[in-house]
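Below you'll find the structure I mean.
Which chain is which? They are A, B and C, in the order written, and residues in each are numbered from 1.
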């Protein structure tokens, strides 16, 4: 188990390093940052001074080391607009975003898991088909359309909920639901197929044949085994939730990281965009690492298999 | 995968014993055909030029909500005909998604085949890239690149063309590795055929059905991504228009002129739904191995 | 004899590292081929026989340079055979062809038979489009197939037809050497004879040199000038086909020969081999055959016999070849 966790950890660190390096390279190779920030007509000595100040006259590998060193100390650069630390600006927005994503993740699971289990236990009935059809609709409807429809119904027509803002708890409802529904649709579908796979296993049929009470078969055998593949998709869920916040925060004028990102992209404020990119990378790699380790812990077979095939 | 023993059956059954196409899939196919037709004939089918303004006739309602036949879907805040804009948007959104899907498949197939052919450190490097791409929600990467290089249509299509390459790449690598174990490929190599011939003339046609199914699963996601970015104002830029772009700019009129954002929204939803239904059906029919 | 032999292999070996199931650490060495020498003169046919898993197919691939060798050297008409896919390797592919065991598997099911027979010409840029087409039709005819077959796909043909297609593809480059790896074992018995007759006929008409690999002694006898018998990666006996089959020298060959249903009741007793062949991972020390040999003695357990020439010109790897031959003679 320790060897397995160590290999996973190593891979996670490697992925992060790759992300940081590619980000650095892409940023340096897509153009002279000095010319991008200053205008092309700037006097040459001003550009030279600028380059010296930012270390751009150094060889690439030294810039790279400086860059990595800076990141390690939490120096993600400064915003071009007001010179504030990019990291501070982003961290400042994190709580607002988390106040949407955490409840949304919970809601995703609360809707998706029971729906998937229900559909699997009632498979090939009308109830199953309806659930699956709603699931397909759930993830083919873009979240901005879903958000607009919710606003139209609950804010414009019924006037129950505010169209935007986070003044009281009612302001949270529509953003959270918008974030949660597509994920719930994916989870429902995935849980259903994982369940059906287990339901078709010989040991389940044996247990049923032996006269074990069906509820017991489901709770003792089917659910735990179906949970194993379902855990893997939660890592994926974290990623799509984070992507979802970009649109949801824009639609509902939510002062979170997503909105900061959109404004930064509009202003081409690279330091902030880069910080958020690396931030998301860290979150994703951590989530995947947690899922991998949880997976190895639930299902010992993965552990051995991975250790056996990894050295290559 | 098929056993050598039953391959003969395998090849013959699809042509003889074809099951009926479900009604839902038929409807989806008809919808997609209509969309494709509209995209191709957008110029002829539009009642007006999609850019022409008519400031005297702004925010006119659609046909059955008090509007007139000259603007069947009403007009927008500048008096432009929503119907005409919608048709042009369908053309642009579908073209972007189509080109991007082709590009993404091309990248994925090339990377997958390269990994399977060279093995060793090349394969490990490709797998690392695949893992990295899979670990990062594409939206963030797209925004990073857009912030870095700015936006124009070509850059945007190329960027969309990276969406989903990692899944196709993983799939293509698996298919190529499986094919490499088969005798027909070793026979071709033993003749002295160059690798490009082995992969283009032999591996690709033999794996095409699975790759096409993967494309149909990628296509609606690219439509969603394109419309999402355009909705945010970071995708297709005015004066061009796309479905997401129309929703984005029309969203301010949700209370006063709901048809402006809702008409393109409906088209997006129905189109992605239709492609998903067809894709799922194709997958179940052609390739049960694909998840 | 001034010209070099068409095919010469010296001390061929191919070892694999395999991980053993059930054990965590440590790799075992699988000696698929372990010190094989072959000499094949132009226009002759050598049959290579042995049980499955004895290293016949590996030998075929080693001889053609299709697999990396652990040791040894191969020459085709005096030219060394590479194993790396370079320019020289590709040129060599024109001169030596491999015919696979499973004809359906060896053909691409998405392409027409005509294209696949033509493909070697395209790959090596030989002839114009019309030349190629004419040549394909001529060759299909030579293997007994009509021109209509060219537009069909492999799954539309019978097993025997497919094997003819595979042969046509192998012969279209007019190779010096054709290696047939179990070319008939995937076919129905009734078709096996046809394909063997076809091979024999083609050999007489076109004068190719064949290395014919099979576990079917009858087929090998019909087509081969000379036979080599393999056991666990080594050649245990080699000699002219008729002599070897009439008077097998090695106890293993005797067992193989006795297992073939005799054409007439010759009163020869069937020699049953005890046990399965040992795994090539645990090759017994000394003579690899000793655990199953009825003549085995202490010397066989300790000392590995070499392939020694006998009085009648064939070569046998057995310490007691002479004594066994004398004994058999006395018994008959």
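Here, a contact is a pair of C-beta atoms (placed from the backbone, for glycine too) under 8 Å apart; a residue touches a chain by one contact, two chains touch by 3 or more.
Fair warning: this is a prediction, and the values are worked out from it, not measured in the lab.
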**Request:** From the Cα centroids, identify the chain that ends up most central relative to all protein Cα atoms.
**Result:** B
**Request:** Report the chain whose mean Cα position is at the greatest distance from that of chain A.
**Result:** C
**Asked** Between chain A and chain C, what's the gap in Å when you average each chain's C-alpha atoms?
**Response** 58
**Request:** State, to the nearest whole Å, the distance from the C-alpha centre of chain B to the C-alpha centre of chain C.
**Result:** 52
**Prompt:** Centre to centre, by mean C-alpha position, how many angstrom separate chain A and chain B?
**Reply:** 22
**Asked** So in the complex, which bits of chain A are touching chain B?
**Response** 11, 14-15, 18-19, 22-23, 26-27, 30-31, 136-137, 140-145, 148-149, 151-152, 156, 239-240, 242-243, 246-247, 250-251, 261-262, 264-266, 268-270, 273-274, 276-277, 280-281, 284-285, 288, 312
**Fill in**
Given the complex, residues on chain B that touch chain C span 4, 7-8, 11-12, 182-184, 186-188, 190-194, 197, 201-202, 205-206
**Item:** Footprint of chain B on chain C - complex, ascending
**Value:** 64, 66, 89-94, 97-98, 100, 102, 104-111, 119-120, 123-124, 153, 155, 166, 169, 173
**Fill in**
Per the touch rule above, chain B residues touching chain A in the complex are 124, 128-129, 131-132, 135-141, 143-150, 220, 224, 227-228, 231-234, 244, 247-248, 251, 254-255, 258, 261-262, 265, 268-269, 272-273, 276-277, 280
